[in-house]
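Below is one structure; the comments refer to it alone.
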Amino acid sequence: MSEFEPKIVAFVCNWCTYAGADLAGTSRTQYASNVRIVRFPCTGRIDFMLLMKAFENGADGVIVSGCHPNDCHYTSGNFHARRRWIVFRSILDLIGFDTDRITFSWVSAAEGKKWANLVDEVTDKIKAKGPFTDLDKLDGVQLKELYDEAITK
Amino acid sequence: MARIGVFICHCGENISATVDVAKVAEEAAKMPGVAYAMDYKYMCSDPGQTKIIEAIKEHKLTGIVVGACSPRMHEATFRKAAEKGGINPFLCEIANLREQVSWVHPRTEATTRKAIDIVRTIVNKVSKDTPLFPIKVPVTKTALVIGGGIAGIQAALDIANAGHQVIMVEKSPSIGGHMSQLSETFPTLDCSQCILTPRMVEVAQHPNITLHTFAEVESVSGFVGNFDVKVRLKARSVDMSKCTGCGTCWQKCPSKKIPDEFNAGLSYRTAIYSPFPQAVPNKPVIDRANCNYFQKGKCGICKKVCPAGAIDYEMEDEIIDIKVGAIVTATGFDIKHTDFFPEYGYGEFKDVIDGLQFERLASASGPTSGEIRRPSDGKIPEKIVFLACSGSRDKAKGIEYCSKICCMYTAKHAMLYKHKHHEGNAYVFYMDIRSAGKNYDEFVRRAIEEDDVHYIRGRVSRIYEKDGKLIVKGVDTLMNAEPVEIEADMVVLATAVVANPDAESVAQKMHISYDKHHFFAEAHPKLRPVETNTAGIMLAGACQTAKDIPDTVSQASAAASKIMGLFSSDEMTREPVVAVVNRCMPPLFTTCTGCLLCLEVCPYHAIEREEIKDRRTGEILKVAAKVNAGLCQGCGTCVAFCRNKSIDLQGFSNQQMLSEVVALLNKPF
Amino acid sequence: MEIKTITSANIPVFFNNLVKSGKVVVAPVLKKSGKVFFESVQSYDQVSTDYIQTAFSAKSVVFPEVEELFSYTKKEDGDFEFRNDMSNVPETVIWGLRPCDSSAFNYLTDFFLKENPDTYFKLRKERTTLISVSCAKADAACFCTSVGLNPGNVTGSDILLTAMGDSYYVEISTEKGKSVIDTALFTDSTEKSKEEFLAKVETKFSMDEIRERIQTAYDSAEWKHESMGCLGCGACAFSCPTCTCFDIQDEGSQESGKRLRCWDACGFGQFTRHASGHNPKSNQTARRRQRLMHKFKYSVENFGIVSCVGCGRCIRVCPAHLNIFENILNVTKA
Amino acid sequence: MKLLQNKVAELFENGTINLMIGFKEALTKQPVPCFIEKASEIEQLIYTKDCKNNLSVYLHKPEVKQAGKIGILANIATLRALVQLTSENQFWDIEKTVLTVNDKEEVIVFSDMEEVEAYVQANFPEFSEEDLKLLDYLESLSREDRWKYWTEQFSACIKCYACRAVCPMCYCPQCTVECNQPQWIKTSAQTTGNLEWHIMRAMHLAGRCINCGECGRICPVGIPVHLLTVKMNQDLFKEFGTKSGFALKGDYALNSFKPDDKEGFIK
Amino acid sequence: MKVGFYPGCSLEGSSKEYSKSLFAVSEKCGITLEEIKDWSCCGASAAHSLNHDLSIALPARTLALAEKQGLSEIVIPCAACYGRLAASQQAILNDKAILEKTEKYIDMAFTGNVQLLTVFEFLQKYIFPVADQYIVDKLNQKTACYYGCLLARPKDLTKLERPENPMEMEKVMEKAGATPIDWAFKTECCGAGFSMSRTDLVAKLSGRILEDAAERGADSIIVACPMCHSNLDLRRPEIKKQLKKDINIPVLFITQALGLSMGISAKELGLDKHFVPTGKAVSCIVKKEA
C-alpha cells in the first residue's frame, strides 16, 4: 500500500509567514509537498472554526503560523490570536482531541529556512501519527447505549 | 453560476519545469464554475495580459484566476488587466504556483496535484468573491500642528506655503519651543534667536496659518481626512485685540518672585508676563496660580495701569471645535533636571546646573545677559566641569538610550565659556563623543584643540560642596583609571532628553502608540519614520526620539510633504479590504448583539458604537457596532472574534475562507 | 380483540423469545442519571419496569431524529448517481410503551400516511410491533384522562399487557400482535375489569369545554403571560410522541453527500423565518401559541383527534417547567 | 418568604416595578420561574436554596422588556450574569430592580448595578465540588478515553438547543448555528455536528460563562455540557487572572492581551 | 515586646560594645531581644565571592532557625550581616527553585518570610515612640554621622530614602540632643577589608573622612557598622601618621550615643573598649532641662 501521504492545511498570515514561504521559494529550498497554504491578512483573522472544518473535511494536520510578537503588521493581531489559541487548545484538550495535530508557530518574512523545516517536521510528525480517523466513524452510528456507563463512573 | 477564467503561466519554465501546466489547465477547465482555462508562457507579459482581456470579452467571464508567481509580485498587475477587461479588479485572484509549488518541489505527480489543488482553492475563493469598489473618503484640506517649536513651525510653514490651511496649537504663551531658549546653535554657532525669530514671525503673519497659543488639544476623534479636534484656549486674562505689548503691566506687577520657566528657573518673573522679548505673539498672559488677584482677591494693578484697557479677569477657558484632515504631532521634549541625580547632590547645590540653564546663562536675553556667572554668588567661575551622559545610557537610571545632542552642546558650552572667559578652565567628563553630523566632529576638535577644553574620559561618581567649591570626584580611564578630583566653581550636567511629562495623555487622546519612554511610536523605524500607525497622524521632532535641529527640521518637512500628498486630491481612495458589520431589514436591523466587545479588539479603534434610531421618534431601537471604513486597515481580528459572525471582511470573507478550506480537502493530496 | 393471560414468570421468557426471533427489541432502560430511555435491549433483565414515563417517546423508531433520505455521488462523466437503500430497516418490537404513547402512534400514522403517504415512515411502521404496558402509577404531569384516554386503553397498541397481581391480562388487538404471540406461554382468559390495577389520573379538564372555547382562544390576552417563561428550545417538541415537524438538510460537497430529514421544532426562533428575512411568528408568544393550537385545534380540524396524548413529557423536560394543561386552561378561560 | 413577598408588594405599590420575575412552586413541587404582573399573584412567590434557574435570561425577551419596569429575583449566579451582561452593554434599555435573598435570609434590593457588583465581589462563588470531582475524573483519563467519553456524550445530543435557550449569555438574535451562508455547523443531530456545536458554544462562553450550571442541569439527555465552560473559567483565571461576571468594566480575556502572555506550544 | 536578634561575628568579637549598648538601650525601653539559638556565620563578603549557592544557604539557615524559634522580626545591627540575610531572603522569595535547592542544603524546610530590621528600622519602630520618656541628657555636641557603604547600598535592600545622603542617624542624634553636621563623606569608603592587607590605604581613605569631619567642627563621629568603627577607631595611629595631624575625635556607635542620652553609664555602654578615648564626648553631656 503506498506510503500514507498526510493532507496538511496551513493557515498563514500574509505579511510574515506567506512572505517567508515565498522566500523559501526564491531560495529554492526543497520541502515536502503535503502542505497547502491558505492566505489570511493576519493570524488575528484565523477563526477557530476553520480549524474544526479543516479536520472535519479530512485534513490530517493543520499548521497555524504568523508574525512573531511585536512584528504584526497590524500591531496586535497575533497577540489576540495567541490568546485565542491558548483557550481553544485547552477546550480541545478537555474533549480529548489530539492537539498535537495542530502546530502553531511564528515564522517571519526572513525565515524561509524555518518555514521549510517546519513543513518537513510537521509532515513527518503527521506521517508518524497516521491518518486522522477520529471523526470518521462517529456519524450515523447510534452510540447512545454506551454513553451512560461512562457518565458517572 | 460564476464564469471563471483560469490562466496558468509557465513563467518561462520556472513553473512548467516541475509542474505539468497543461494538465493543470485541463483539470481547471473541469472545475465547477470555470468557463475557460488556458496556459501561456508569460502571463504577466503584455501579450499575456491582452490574452486575459480578450478572454474576458470573448467568454463573458465574471472572475479570473491566474496561476503564476506570488500575489505579492503581480496581484496588482493582473487586477489592472482584469479591470481593463471590464470586470471588477477584486474578482481576480492569484494562485501561487511558483514560489510555493514549482520552485520548492521536484517534478513529480504530487507537485502537479498540489498545483491543481491550489488552483481549485482560488477558483472556489473567486466564485465566492463579490465586486469591491475603492473606498472614497473626503479630505478636509486643513492640517493641525500640535506644538510650536521649530518642528511645528517648519511643518506649518511648509504646509501653508503649499496653499493649505494650517492650525497651530501651542501650550505655552509663545511659540519657539526649546530652541528659543538656546544661545548659539552648533555647529555653526549662529545665534538661535536670529535664525528662529524670523520663522516665528512668518508663522504669525502667514495668511494660511491660524495660531492658537496658550492652548491645548482637548480631544481628537474621527479618522484620516476627517478629524474632529476640540482645542481648549486657556484664558490669557489679556484681550489680544486691544493689547499693544507695551509691557507697562509686567513692569508694575507686584508679585515678582515666580521662577521663570523660560530662564529654566535661574531668574524670576512677574505674574503677568511675556515669556521672552522676541515672543510671538508678544502679548502677556496672567499666571493665575501665582497672581494675587486670583489667589487672594487683592491687587488688580495691571488692570489699572494698562493704557489699552486690555486686562480682563473674567476671561474663561474656551473650547473650540476644528475639523482637520491630518495632524502633525510636534510636542517636543523635556530634559531631566539636577534633582534627578542623588550622587550630584539631589539638585541642592546651586552651582550644579543643567544644559538648558547654561544656555540661558550664555544667552544675551538671559538672566546674566550673556555673561557666564555662578547662580550662587554671581561670580565668574574660574573652573567649570561639564558632565556628558548625565542620566543617558544608564540602565540603573532607567534611561538606556543615548540622547544624541548632549555631546555637541557640551562642546558648544565649553567653547562659549572659553570665548567669554579665556583664562577659565573647562573640563568635560565623557564616555564616547558622538558627533556624527555634518561639520560636527570638526566642531568638537576645534573645542579641544583651539579652545583647549580638557576632555577627560571617565565618569564622575560624586560631587560635594566644600567651603564654596564643588569637589568633582571622577576618574580618568585613559590614565590607567587614576581617580581625578577637580575643585570646580560650577558644574554643568548634560542631562538626558526625555519625553514631555504629558506626552502619554497626548498620545492617548490621539490613539497613537508610544514606547516605554513615552516617545511616540513611528509606523516603521526605517521605512515610515514620520508616520504613526494611525492613518493621517504624522510625527516631527524630538517627540519621536531625541534629535538635533537639522534632523528635526528635515523630519518636519517630511511630515509636511506626507500631508501635502494626502491633500493633493479632494478624495482619498482606500483599499476596499475593510470589515463591515451586516445590516438588514427591520425589525432585526443587524444580527450584531451590540455587546461592543469588538471595540477593544480593533488596534485602529475603527469600530464605533452606533445607535439605530427610529427616524420619526428618534427613539433608540438598537445599539450595534459599525466599522469606520476610513480607519479600518483590514486585519480581520474582529471578524474572527465576533461570536455570531455579524462582521465580515471584504476580500477575505467567512464564505471565501471556508470555501477555500473545503475545496482544498475534497480530493486526496 | 383477543383476551389472554400470561404469568409474570413467563414475561421474561416471552421477551427473550422475541429477541431470539431476530427482531430488534426496544425497551425502556433506567439510566444512572435517573431518567428512563428507550433503547435496543438484549435481555429482559435490562428492562426497567417501575417507571412512570420514559424521558423521550419511542417515535424515533418510526420517525428518527436524523433519517438519510438518499445519497448522491458524482460519477466520472460528471453525471450524478443516487442511492437509497431502505433494506437495513430492521423488524422492531417496542416493548413497554405506555397506552398514551401507543395511541400517539395512531396520530403519527394518520399524519404521515393519510394524504400522500410517506414511504419512509410507512416501511418503518410496517416493520414495528407495539407492545404496551398499562400504567400502574402516574404523577402530577400525567393528564391522559383529560384528552379522552386512560391509563389502560388499547388504542394503537398491538398487544396491551396489564399487570394483575402475579399474572398479566393480555389484550391482542391486531394481526401483527397475534403473529408475535407464541401460544405456549399464553392461556385464554375472559374479559376482566382492569380498573383497580390502573393508576388514578385526575382529570384536569374536559376536551368538550376546551373544544369550543379554543375556537376563540387565538386572540386571548393570556397567551403572553402564559408563554412568558418559554425560551424557545426544542426539548418539548423533541420529547413529544406526537410532534412531527421536520427539516430537510443536504450535507456533503459538490462531489458526494446525502439528503437528511431532521427533527425541527416550532419553538425555534428561525422555524418560520422566510428566505426574505420576514418571520410571521416573530415572538415567542406566537410560537408557543402555535404549538398548543396545533395540538388542541388544528389536528382536531384536520384529523379529527386531539394530537396531545397527555403523556406529560413536555412538562417534565421543559427548562422553565411550563405546564401545557395549565396553559390551555388559562387561555380558554371564559 | 413573607419578607420577600412584602418587599415585592411594596415595590408594586410605589410603582418601581410592574412585572416581577421570581419563583413559584409548580404542581410537581419544584420551584419554577413565574411572572407576576398583578399584586394578587404575589403570595405565590417563594425563594429556597434550590431555586437554581438563571432568571436573567428572561430580560432578553422582547415580551418581558415591553413590561417597562421589571423586578428580578436573583441568586448569586444570576447577579453575576447581570454584572457580566451589563459589561457587555446589554439591558441598557431596561429599567430593572434587582432583588436577592442572602444566606442570612435578608431581602436586599439593589439600587444600582454598582451595588450588585460589590455584592457579587463580596460573595464570589467557587466552583461546585461535584463539578471539580467530575473534571478531575476526566483529567485522569487518557486522551483517547476522554475523546471516547465526549464523543459518546455528544452522540446522544439531539440539538434541541435547550442549553443555548436557558443560557443568559446566549442572546444572539441569529446564532451562528442558524447561519447557512456558509454552513459553519451541520444542523443534523449527528456526532460531528454536535461536537462542533458544543466546541463553538464553549469558545463563545469562554470568559463569559457565569457558571450557573443551568445548561448541564436541564439537558434533556443528561450531557454534562456545563463542564466545558467550568473548565474554561478555571483555565482563564489560571492563565490570565480574569473572572467572568466579576466587574462592570470587566476585562474579557479574549478581547484584550498582554504582550507577555505565556504559552508553551508556539515554536 | 520580643524581637529576634542576630549578632553576627563582629558583635560577639571586635565590636562587643555595639551589642552591649544595643541591649542596654533596649532594656531601658522595655524591649527584650531574643538571640537566635545556634545561629551561624552570615557568609559576609567571602561567601558570595566564592560560591553563590553557599552565600544563599548560610544566611538562609539563620532565617530557618528564626522561623522555627517563632520569631517574626529580627534586628540585624551589623550592616554586612543584614545585607547577606536580606539578599538571601530576596533570592528565595523570588524563585521557588532556589528555595527548594536551599532547603536541600540546610535540610530544613522553611518559608523565609521573616521580617528583617536594620538598626535604623529597629530604632524607628521600637525605640523612637518611647524615647522621650527615657532621654534625660543632651549630648550637646556636634556629631558627624558616618554610614559607609553597606548601610546605604544596595539601594533596594537597605530601603534608605536618600541612599547618597542618608538622614536616618541624624534624626536619632537630634532626638538625643546633638547637632549633626552636614558633611560630604557620609557614604565614602573607609577602606573596609583592606584594614589588614593594605593598612596604608585605610589610613588614607579613613584619614580623609576624619579630616573632613574635623574641619567641619565635629566633636564625635557616629557609626552603625562594626567595620566602619574598627577602621576609624582602631586604625587612628596610622591615620594620624598619614595625615600628620593629631585628630582625636572619638567614634561612637549610634546605640552608645543614644544610651548616653538616656543616662546609661559609659561602662555599661562599653565606652571603655575604644582605642580613641571617648571621655571628650561624655564630658560634653549636660542635663536635659525639664
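Observations on the model:
Every chain is named by a letter (A, B, C, D and E) in the order it is written, and numbering of its residues begins at 1.
Following the convention adopted for this analysis, a residue touches a chain if its C-beta (ideal position, glycine included) is under 8 Å from a C-beta of that chain, and two chains touch if they have at least 3 such contacts.
Because the structure is a prediction, the values reported are computed rather than measured.
Note on connectivity: the fewest chain-to-chain touch steps from chain B to chain E number 1.
Counting hops only between chains that touch, chain A reaches chain B in a minimum of 1. By number of C-beta pairs in contact, A-D leads when B-D and A-D are compared. Greatest Cα centroid separation from chain C: this falls to E. Taking the mean Cα position of each chain as its centre, E sits at the greatest distance from chain A. Centroids of chain C and chain D (each the mean of its C-alpha atoms) stand 32 Å apart.
Chain A and chain C have Cα centroids lying 45 Å from one another. In this assembly, the C-alpha centroid of chain C lies 91 Å from the C-alpha centroid of chain E.
In chain A, the residues that reach two or more other chains under the touch definition are 48, 53, 57, 76, 80, 84, 140, 144, 151. Among the residues of chain D, those in touch with two or more other chains are 173-174, 184, 190, 222, 254-256. Touching two or more other chains at once are residues 31, 33, 253 of chain C. Chain D contributes residues 137-138, 141, 143-153, 155-156, 184, 190-192, 195-196, 199-200, 202-203, 206-207, 222, 224, 227-228, 231-232, 235-236, 239-240, 253-259, 261, 263, 265-267 to its touches with chain A in the complex.
Considering their complex, residues 588, 591, 593-598, 600-601, 609, 620, 623, 641, 643-645, 654-655, 658-659 of chain B touch chain D. Residues 78, 253-255, 277-278, 282 of chain C touch chain B in their complex. Residues 31, 33, 35, 55-56, 65-66, 139-141, 224-225, 227-229, 231-235, 237-239, 247, 249, 251, 260, 262-263, 265, 268-270, 283-285, 315-317, 319-321, 323, 326 of chain C touch chain D in their complex.
The part of chain A that touches chain B in the complex is made up of residues 5-7, 9, 14, 18-19, 21-22, 24-26, 28-31, 33-34, 36-42, 44-48, 50, 53-54, 57-59, 73-77, 80-81, 84, 116.
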